[in-house]
Structure formats: C-alpha cells, structure tokens
Amino acid sequence: MSRIGVFICYCGSNIAGTVDVEKVAEVARTLPNVVHAETNKYTCSDPGQAGVKAAIEKYNIDRVVMGTCSPRMHELTWRKLLADTPVNPYMLEVANLREQCSWVHKDKEVGTAKAIDLIKMAVAKVDKLSPLKSTQIPVTKRALVVGGGIAGMQAALDIADAGYQVTVVERETSLGGKMVMLDKTFPTMDCSACICTPKMSEVGSHPNITVKSYAEVESVEGYVGNFDVTIREKAKYIDYNLCTGCGACTTKCPTKVINNFEQGMSARPAIYKMFAQAVPAKPVIDAEHCRKIQENKCGACAKICPTGAIHYDDEDKVTTERYGAIVLTTGYQLIDWKPLYPEYGGGKYPDVITGLQFERLVNASGPTEGHILRPSDGKEPKNVVIIKCVGSRDPHKGVAYCSRACCMYGAKHAHQFLDKVPDGRCFVFYMDVRTPGKGYDEFYMNTLQDGAQYLRGRVSKIYKEGDRLVCLGEDTLTSAQIRIEADMVVLETAMVPAEGVDKLGSMLGVTRDKDLWLTEAHAKLRPVETNTAGVFLAGVAQGPKDIPDTVCQAGAAASKVIGLLNHDHLESNPQISRVNEALCQGDGACVNICPYHAITLVQKQFRENSQKITRTVASVNPGLCQGCGACTVTCRAGAMDLLGYTNESLMREVDALCQW
Amino acid sequence: MTTYSYFPGCSANSTGISYTKSADFVCKKIGIELEEIPEWCCCGTSAAKLTSYDLGYALPSRSLALAEKLDASRPIVAPCAGCYAALKDALVYAQASKENLEHVRDMINMPYEASVQVMNLLEVFSTQEAKDALQQQITKPLSAFKVACYYGCALVRPVEVCKFDDPEDPQSMDTIMRLAGAEPIDWSFKTECCGAAQQMAVPKPSRVLIERIFQNAEANGANAIVTACPLCWMNLDMRVKAINKERAEAGKPAFDLPVFFFTELLGVALGGDAKTLGIDVHFQPGAPAFIDQKVKESAQIEEERKLAAAEEARKLEERAAKLAAKKQAKAEDVHSPQGGEQ
Amino acid sequence: MSDIQEAMRSRAKELLESGEVNAVIGWEAGRFENQTTPLITSQAAKTQRLVFNEYCVNNLGKYPRDLTAKGKVAIFARGCESRAIIRLLSDEVIKRENVYIIGIGCPGMRDRTTGELLKKCAECRHGDPVIYDEMLGEPQAKPATQERFAEIQKIEALPRAEREAYFTNAFSKCIRCYACRNVCPCCTCRQCFVDQRREGWLGKQNNIAENRFYGLTRVMHVGDRCIECGECERVCPMDLPLMSLNRKVIYDINNLFGEYETALSLDEPPSALTTYKVDDVEEFM
Amino acid sequence: MSMVETTPGAWEPKIVAFCCHWCTYTGADLAGLNRMNYPANVRVLRIPCSGRMNPQYALDALNKGCDGVLVCGCHPGDCHYSTGNYFARRRMLVFKRLLEYQGLEPERFQVRWISGAEAGKFRDTVTEVVEQVRALGPLHLNHELVLSGMEVE
Amino acid sequence: MKIVDLTVIPADDRTAVAAIAAEAQVNFKDCYQCGKCSAGCPMVQGMDLMPREVIRYLQLGKVQEVLNSKTPWVCAQCGVCTARCPQNVDICATMRAVRHAAKDAGITPVREADVFEDEFIKNVRAHGRSNEQYLAMKYNLRSGHLMQDVDSAPAMFARGMIGIATHNIDSRDEVSALIDRVLQNNGAAKEAPKGGDAS
C-alpha cells in the first residue's frame, strides 16, 4: 500500500482566490491511499518547504502530490526538496492548480471542482509511480574538435583557455581550413593570413591543445561525457620529434605534383608543407607520388635531412581516446561545377576560374605573387566577368539554397580586381544582391562606386573566340541580351558539405538535412547543439555562412562545451525508456523510430519454460535516451515503457479524470 | 552485317541528296544495310508540333508503326536530325504511359506497340561494329582536315528525349572524324541553333545565327564545317553566299569554309570520289576542289609522318644497340677475373 | 491440381527422409466432404496424406512460428502463406534459415458448402507466392475479382449514424474468442494487450463498446502490417466484417502516404507508421 | 460530487486534452499567466511529447466517460525531440479516420499543434472543442453486455 | 513605356494562363526571372519580348501581352533555354502553348510563320511528304515575299536537287485522312489547313 501525501498551496491568493483550498484538501483526505493532506500559504517558501518535510516524516509518506503552480515552475524545486527526505524525488506528481486552474477560471465553485479533479488525477498517477534513481555519468574533461579551420581553431582555443584539454583533428596536413587560402576578408579588407595564421600558431603551441593533422575520425562509441573516439593519423613518413622544419628536404625533391592549396595553379614537391606558415610547421610525404615509396628510387630527401627524421616505412597511427564532448567544424568544399555547367566550358577554359582560385591569384603569397594574371597565358586580364550563384540557387544543376557569402566575396573580388588593374573593367552578373551584415551593404555600394558594372541576370553561355571568352547574358533590367568579351571569368560557386561528413554524422547520430548539412538541435533555440547530447556544431558544417558568423558560432559551441566539462558528473535523466524483456520480441520497430539512436537490438540469454534460450531484445542506452517516449507507442507488444510516464500511471490518470 | 530500317526523310532526294549518296556509299563499304520503310511519310518536324501537339505525335508515329510492321526488332535510322527528333519524341511520348500509347493508336488507326528503337546516323557510326569496320577500311586518312563538327539542336535537345550525347559539348561526331584521321577542333557552337526552321518566316534574325557559327568555327581554326543534318547543311552551305555579300558591303572578310556532311568526309577517307559522294552539287562551288587539295595535303602529311616515325624508330634502335653494347662490356668486365670478387 | 498434390507428397517425403527438414506443413483431408485441415508432420509416411484441392482454405503461414524452435520446417506456400512468412521474418519471429518454402500457385479457394470462391480469395491480389525456395507447378496469376477497397468505399459513403450502427451491430455479436488474433500472422506479441492486466488497456467485460475498441486497438496494432490474407474474417465464428477495419487503415495509408502494400519482399521499407516525411499531409494546424 | 456546477444538474461535456510538455502545456501555462478564460470542462494530461500519445489512452478516455479527446503537440518541425510529432501526425491521421469510420463524430477526437507561445490558440481551441462537443451532446457508447447471437437495432 | 494595372486580373485571363500552363506542363511560379533563357536565346533580335518577359507576363496574369507577342512565333524551338534553365521551366513548350493559344484566339503576330506552318502541313497532306520546291513557292506566294531564296533555285535545279516532279507516296490518302482526323479532334481543327494543293 502506498502512503500518499497531498500538499495544497494557497499561493497567497493566487490559487486560493478562485479555489477553495481547504475544501480541496478535505476531499483529498478521502482519496484512496492518501494518508495526509494539508494546505500551505506559500509552499515554496522556506517555512513552507520545512512544513512539507515535517509532514513527510510525521506521516511516513512515500509519495507526494503537490497541488501548486505549474510543474514547469517548481517541479525541480519539489524534487530537490524530496531529495532531502526519505521520499524518492520521482515519486512526485504536480497538480497544476494555478496556471491551468485558478488563473483561468473566475468562479470559485468551478475552480474548486476542477482543482479537486486535478488532485484526483495526480493521486491516481502518483500511486502507480515507482522510485527512480538518476545515475551519475562521469564526465571526461577533454574535448575533441573535428576540423581545424577557423571554426575549429576558435572553438579549440576558447575551450583550451578555459583550462580543458582539447584535441583538434584536421584532415589536411595543416590547420587553417579555407580561411587561410583567402586573400582579404570583407568588409574590412584586412588580410586573411594576418588574422588567421596567428590563430594557427596559437593553437599549435597552446599547452592544452593537441593537434592531430593529416588525421581523420574513424569511429565513435559511447555517449555524452564518454565518447570513445578512434582517430587515424595518416603516415607522414617524418618523425616530428626529430624534424626541425628546416625545409631542406622540400627543395631537393624532384617530383612535381599539382598543388591543391593553390587550387591547381602551381606545383609542389612530393615532400611538402601545404604552405609557408603551415601548422604543424613540418612537411609530410605524399606517398602516392613519392618515387622512393612507390618505386624505391630517389631517396633524396632522406639524404639531405640533417636530423634523420625521414622514415619511408612509417605507418598510419590509430589511437582511441575518450572525450567528454565533441565539436564538429567540418566546413565545406566548393561544388564541382565542371560536370554541371558544360555551357560554361565545363573546365575546358583555364581562364574560367572559381572564386577560390581568384583568392589565390590575388594573394601575395599565391602562385602569381598577388598579380592578377590569366592562368592560360600569364597576361593581365582587362575585362573580367564575375558570375554569382553558380551552383547555388540552381536546383536543376546544383543546389537549391543560397550560399550566403558569395554576394559579399563577389563584391570583394570586383573591388580587388579594379584596385589592382586600374584600367580594367569588371562586370558582375547577379540574380540578387544579399548583403545583410554590419558594413556589408556599404561595401557593395562602394564596389559600385569603384566602377563594377552589375548586371541582373544569369549567364547562359561562355565560349571562346580568339583568346577571349565571350559571355552571353541578359541584363534583365533593360531586357537586353548582353555580350561581353572577357579575358577572365570568375565563377562564385556554391558551398557544399565537406566530403565524408555524411559518414561522420551517422557515426555520431547527428542528422543531416537534405543537402547534407549537419542539423542543429533546434533552428532557433539550440543552434550549436545537436540531437546527440555532447556533440556540438560550428561553422559552415551547419550551413553556409561567412567568417564572422562562423567565429560567433565557434565561441557559442565552445561555451556549451565548457559548461558541460565544468561538471564532474552529469545526472542522467532517469525518466527514460525501459524494456520489459519478457514481452519484447525484438522486431526492432522502436529502433527505427528513436531520434537518438539510443535503442539497439541485442542477443540475450533467458530461461523460459526451464530451457535456456537466446532471444533478440531491444536495449536502451541510458546515456543517449532523452525520454521522449516515441518508442513506447511504436511497441504494440507493450514491452517498451517510459519511466515517470508509464503506461500504467497514465491509464490510471485517465481513469481518474473520467470519474469527474 | 547489320540491317536497319531506313527513314530517309523528305529532303533525302532533294536538298539532302549529297547526304543520301554519301551515307549510302559509306554504309555499303562497311557492311551496314539500310532497308527503306515502305510508305513512310513526312515526320511533320516542328511545323506539325506547332500546329497541334497531337499532329506532332501522329505523323511520326505512323512511320514508326510501319517500321514495326517491317521488322520490330530492327532499329530505325533517320539520317536527318529533324526527323530523328520528331520520331524519337513521338516514341518517348508513346512509351511514357499506357494512355499515351492508346491515344497514339487511336490517332493513327494502326497496330502499334512503340517498341522500335530510333537512332540517328551518328549513333549508328558510333557502334563498336561500325567503328571497327571504319578503322579497317580507311585508306585515305583526312590528316589535313581541321573540322568544326556541327551537331545543331535536334540531335541533343530536348535533353530528356534525346539522351544521346552531351547537350553542350557532344563528342560522337568528333570521335568519328578523329577515326577518319581528321582533327576536330574544339569550338563552342556545336549545338547552337542555325535557325534553319525560321529562315523562311523570320529571315533577318535567323541569318545572324549562321554568321556566328561560321565566325566561331573560323576563329577556332577550322578549315571546314561538318554536319549531320540536311537542314543545317543547306542552311549553312546555301546562305553563306548572301552573308558573304553583306559582309563585303560592311568591309568584313568573307567566310571561306566549305560545309560537308560527315558521311561525305568518311566517304572520302574510304576512297570515294566527289561525284559518287554528291560533293559536286554543293552550293559553295569550291567544295570538290577543296577536297582534292586537302586529300593531297593529307597524303603529304602522312608521308612525312611515316618518315618521322621511321626516323624515330631508327634512333630508338640505335640507342638500344648502344645500351646493349654497354651492358655487354660491363658484363664482360664482371666476368673477368679482376672484377669477379664481390 | 492432382499433379501438384502428387509432387507435394513426393517432395515432402524426400525432404523428411533426407533429414533436410524436421517437419512439413500442408493440408490433409478433413472429416467432411470437401473439407481440409492443416497437416503438420515429421513422419515421411504421413506425407501421403497431403492433399491440395480447391478447399485448402487455411492460411498455413503462421504455423512456422511455433515449429521452427525445434529446427527447419518445410511449408507449402501460396501467396498468402508466403506473405505471412515474410511478415514473421520481418517481425523477427522466425529465421529464414529455419523455413523451407515450397511455392505453389493458387487458383483461389472455395467454400465447402456453397462451392463459391471465398471472399478472401476473390479479394486476393497475390495468389502466387512472392517468395519461395522452389516452385511446384506453374504460377496461376489469378486476378482479383473484387476491387480492393470497394467495401471500404461503400461503408464510408454511409451517413455517420449508419456507420456507427453498422459497427455497433457487428461487434454486438463479438464473443471475444480472439480467434482473429490467434490466426493473424501479424499478431505475434508474446503477450497480447488484452492480457496485460497491470496497464488494463481494455476491460475484460464482453460489452459492445469494449468489443469495438478491441477491434480498433487490434487494427491499430496490425493495420500497417496487414498482409490482407483475410483469415481473421474467415475464422470469425460470428462473421464480423474484420477486413473492413484492416483495409480501412491500409486505404488511408495509401491515400495519405503513398501506395502501400506490405510483405511482398524481404527488403521492404519500414511500416508507414514508423516513418514520416517532413511534408506529410497536414490537417492539424 | 465534483460535476462542474455552472448550471447545477445540467450536463456538461468532459474533455481530456493530452498536451506535450514542451509546447502545448507551456502554451496552456501562458494562457494562465495572461489570465485568459476558458471553459473548465477540459482537463489537461501532461505527456512528454505528442509522440508519446498512445491511441489507447484516447480509447480508454472515451470508453470511461469522456465526451471528447484533444491531442496537442508542438508544430511539426519544432518538436523538442525533433521527430516525435511527425510520427504522431501519421498515427493520428490514421487513428482519427478510423474512429470516424466507425461513426464517431469528428469533433470528439481532435488534434492540434499549439506552440508554447500560442496561449490564445490554446484558449480558442479548448473553447471551440468544448462548444462543439456540447452541441453534440453526451457520448453514448453502448455498454450493454453481449449475449451470444444478440442483434442490436 | 506603359502602365500595367494589376488590381484586377479578369477570370478569363487567369483561365487562359492556366490553360497555357497545363498544356506546357509548366508552373510559372517556378521562374525566378534570372534571364538565363533569354541570355542564350539565338532569336532575340526578332523578338518583341524576351522569353523571360513572356514568362513574367504569364506570372502576372497578363495573357493578352503574351498572345499578341511576336516572340513565340519567332522562337526557333531550338530548346537551349529549357536545357539550361536552373529551375527546370520548359520555356520551349511554353512558346508552343502560347502559339496554339494565340492561334485559337485568331491572333498571328508573325503572319509569315503561320503561313509557313500552314503551307507545310498542306504540302504533307497533299503528298504524304514535303516537297521543298512547292513549299517554298507557295510560301513565297502567300507571304508576299516573292523573291525570297529565289536566287538559290536555279542552282538547286541545275544540281538535280529539285525538279518539277513531285514526290508522292501511294498511301497519301491515308496521311491526309490522318491529318484531318487529328486536327478535327483537336482544338486546332478550326484552323485546319485543308484545301487542295494544285500539284
């Protein structure tokens, strides 16, 4: 037999004004298994709480109904109160006598009658609850940041500065991501390298940060506070403990490989540093192109290395470590426009380049040392056409969404070109100009003043005539077909998710939207969280955005991580799903429906009819389950139940409600 | 030997006579038989479709049904790009749904299953069988020909109907020309409209289209234009004269590019003469002379290439011999008592 | 059909004698004329009792559930049996390696007394097995003679009060014998909701409203996985129009979420009620 | 004893509203905070998510004497658990059709998406449902015992 | 320049737009007016509206502007607009549909295109096949462009490309019956180009 205590609050006159509180208590005393009911002027006040505690002790109460304000207001207060008493904090039901009774009714009789019903429902429900214990989940006080671009670096630095260990996993051989490739950043036009490379070296030398470059996440197990992450560091063939980064080796290598950092516009050796200020500031060997590794010839780099740091027999290093939180900053790549736009030459014309190629061309450390020269013949282009929305907003050939930063960097490119080639002319084909952001529209207007000729329309075709590229477009504002003979065309192409992010997302239970961007837990209220507790997002991985927004988000994600790592333990929510294995037939309907991937099917041994048998049953991971209860309804066998909202307790609550 | 059902098209015996003659010649040479569909009628081309959608489907479907009756297992070949597009469009329509097929049957009042395959002549020459045969039979490689392959609209558009080659930069004709020893130039107007359909009704704007095709072909270094459509061919070959006249008035240089059917050039490579291939009836009178000239140049180039190759081979041999001699000497060294220690 | 019967007998005998299977599930002649009953045997000799005629009305598809624990069983399967087996397989009730499926084409079965085609067979869209290890004889490709949702549309067209009366009247006859549940290949819970006393989902009392709610709950449990074999309706001793409930759910799923027919292959997508689309029909705004 | 005694003795509809904790329950609280008025005929039963709404609760409520059932959750796309209401939407679409097919008046079983900010919508919905059900009158389910072979007119 | 009043779009105009959309199987709302169609259109020099503007007027419901436009009649049906449209709008089919609608309404803004089309079908109707020399002749007569392409005719004649003989097929009655049947069952029946062809 349960021993239920009912505590009814006056809330000054808030409840008592419309509800005859004493009468409610009187009726409550008559309800089955209720051993005590009392009223209180302000239950949440210190004396009020002391009164509840005393009554619990005096009447040996084992479960409690609080007839007070909304549970959204004080459920946690009551749980804390009960934690100080012999009553289990989850043996509690709150009857909402204020927000959903006294405040919405005027007639005291009506209010009183309804309050009595609400108490009856709560009594019926609490009668069927059972004690729950939240388990303590230990928190490993280290964070993993996947991706070493500006988002990853910012998040890592913020977390590390708060005193926690951070590991940054970067797929490329250096930190920096896309930002370090850029020349200038809009709208202030400060040099990208000047603000990005200091961050890189800060990350590289931070005592709390470990950088794993040339590495990828291979698998993830576990849950919030306890992610076991396996990371594969690709063989670098160079012992970084011995290497001094002198760079002698890179000068001796005879091999020439297309330089991806320079967007294919120059060559690099097979032993190389991605760029001058790379962090780690040490080279790697590109095994695929190294003659020593492929054909056992050459070996020039090992011969010249003064410290003997080069080992051709190096192997991938796979390590598994535990992290408390993970930040995903996997960024983007540019859409491969070549197969999509044969009408723009499909890559046939070397002088039709992408925005990122333009960034390298205009960059003082780029292949042309900052002189804008055509890739085809090294001449300075005089007529440049910039085409925006290539791949973006093109559901037929590319992606449907707007890539958000192109309007601004398109304007930046126009400005930079006109700045560097004063006798040049620049035409920008656009569909819309979208410049929300501090100083952004002013920047665009300045570009117009610089002389950039904006034309509203998409280009239909680019073709070669002589050594010029003819662009056919429409100026939809005058309805004239436009023909421009250009020396160079810059395509501002769409951002698409980095390769492999789909796999990483499914490894972590982070959903991807239809375009494969990682999805935040709530578009407005939880923008850097994901549906998997302990996994956070920042930067373009979540959707196209510019650098300021990326850095903002990285800081936000870091603060969430710091908040999490600040705890020694996490209280697990005990109101989660539970499997009744006797009823479970293991058909897995619940597995598909769970948004947290918290349910798995396991083989278990049972004794049934005095025989040992092995059956498939569902198993709930308490670290992942968030207690939504979707699985319980899917389970027609009734094997899945939600603690705190059990089928039995809800059914009795319904029954009680029907008796009014 | 593959047999196709043959849909010659209305221009086969008139303006497209050269196409018919040369295709005939080449097909015979490489063992492709064309059996004409008895009682075929006009495909209706865009005019029928513009009059009524149904007529645009009904006219070609009638010929498709006749081809089915002839032999449903054989693909139809339509050399004319316009006919090809009309036939294929009607076929795709009838295959899209049962209702469509039923509707077509009602209109043409004939048994019809929409089961025959429709091919253009480029597709036929792109089959492995045809390519192998061509490779074997070519006697006069076209080495001095720098051709601009012009495909026009109807072979590649609508994209979802034709599904035959890339709509912006198709390659099938280029491949065939390369096979014949010619150098197909990279240019940008392969599939830009030549305006043939509108030359009668709206001549002025349509003229411009011809001009820009010649312009781009010339600018990219072609010495001839090659087509796979009698309408395009006529439009380009016949009207360039008037355009050149206008250009002369404007002080611009005239275009000097003969226009050929790809089958004509294949015929030349297979040893055919200008008359057999119909090259003598071109509107631009210089065509046969051009062929003669280029064939001569080609032979010269081939000769030079042969000599160069022989020279290269000789050099290689020499080098190999030298290397062998060196090795020999080294080996002898090793075998000698002084060197045999290690 | 007698050819098939012979083939069935010899195949069953071979399978049992070779030890390839532990038991065979088929039909044998019943006590009355034109009546058959399921035959489950492990003895090779008894396979001579197997029959196949136009009166094999039982869907054998659920029997493997109770038999495969002891080893592999062979089952003669028409469309309905094969789909029942797919149901059991996708619900993880049995394992594929434990069932050997011998497909036979089905011409449709007849009522023993009237000789008419059974309702469930007239409605059947898949007479021939959709999965089998071997096939005896030719597929019959019998078309459905009854429109799949004709019955539903007819009931839907009735005024509300008449619909209520129709089902009240129907379920007033229900005796809660649970034969529908026991025969259903979708009903494979280890304990049925009606027996879960602690939750008390539904009263045990045999009253009309609760009988109706029993039917409603059952169809919410099985409707999205129903293979439309019609056995529930056939076995109902009180002739309740049970398929008119199951098909209603299928009909709505069809209309709401796209063409739906379950248990036609082993790699079918999850049930329509355990998936969703962001742009599903919205009428709750 | 605790009949709603606005007009003593008169029948008053009984409605149960199953509300998800994160949106509709919050919206209902906000209605209180704003001192909105709505009929006292509704009892809110809190569930964590509309995805937790088992159709059997609704059947139990109707069976045991409720005259109407309202199920409420977050707007699709706003689910606290990201997908719960999508599943609920499918399930309720089918369940509602099934109930109506058997003759239940559509007004007696309704589903609405009400966000935490939509206090007004909560009040209006509740008022509307109460009035609709009031117009229909009490739900009469036939609870007669079944005797074998009995026919009901 | 002109003022376009959008306050009220007559029901007839809306129906007409819907009919054009249905025939072309195009949702005009898909178009976001990027102009890529018109940027690549080879025939713009003969047009009074850009193809983009045709779609724009259809979006606005101003069907009269479109029916009276030369653009659909100047369109060469080359399909390059449709192939490149980022929103998959079938502009080419829209042009055909507008042309049909205009003809139904008795509007032929480019008479020559209409005449050519008519003569072409007549020619096929009479012979089962198209005979270019007679087509050209008839067209020139009816359109009034008497001397068009005439300078090429002697060359063609001399080269055996054209002759006085016509190419007929035996079953040309079947073809004419087919054409009549289809056009009669069609809205276009009103304008069915019947009538004898002298040759």
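Some notes on this structure:
Every chain is named by a letter (A, B, C, D and E) in the order it is written, and numbering of its residues begins at 1.
Operating definition for what follows: a residue touches a chain if its C-beta (ideal position, glycine included) is under 8 Å from a C-beta of that chain, and two chains touch if they have at least 3 such contacts.
A quick note: this is a predicted structure, and the numbers were derived from the prediction, not measured.
The minimum number of touch steps linking chain B to chain D comes to 2.
Common partners of chain C and chain D, by the touch rule above, are A. Taking the mean of all protein Cα atoms as the centre, the chain whose own Cα mean lies nearest is A.
More C-beta pairs touch across one of B-E and A-E than the other; that pair is B-E.
Inter-chain spacing, taken between the CA centroids of chain A and chain E, is 54 Å.
For the pair chain A and chain B, the distance between C-alpha centroids works out to 54 Å.
Spacing of chain D relative to chain E, judged by their CA centroids, is 60 angstrom. With centres taken as mean Cα positions, chain D sits 37 Å from chain A. Within chain B, residues 167-168 each touch two or more of the remaining chains.
Each of the following residues of chain E touches two or more other chains: 44, 80. Along chain A, residues 343, 461, 593, 634, 647, 651 each make contact with two or more other chains. According to the touch criterion at the top of this document, the contacting chain pairs are A-B, A-C, A-D, A-E, B-E, C-D.
Contact residues of chain C toward chain D in the complex are 155-156, 160-169, 172-175, 193, 201-203, 205-213, 216-217, 219-220, 223-224, 245, 248-249, 252-253, 256-257, 272-278, 280-285. Residues of chain E touching chain A in their complex: 32-41, 44, 49-50, 52-53, 80, 84-88.
Contact residues on chain C toward chain A in their complex (touch as defined above): 69, 90-93, 188-191, 193, 196, 198-201, 220-222, 270-271, 273-275.
Considering their complex, residues 342-343, 345-346, 348, 461, 463-466, 470 of chain A touch chain B.
Residue ranges of chain B in contact with chain A, taken from their complex: 166-169, 186-189, 215-216, 219-220.
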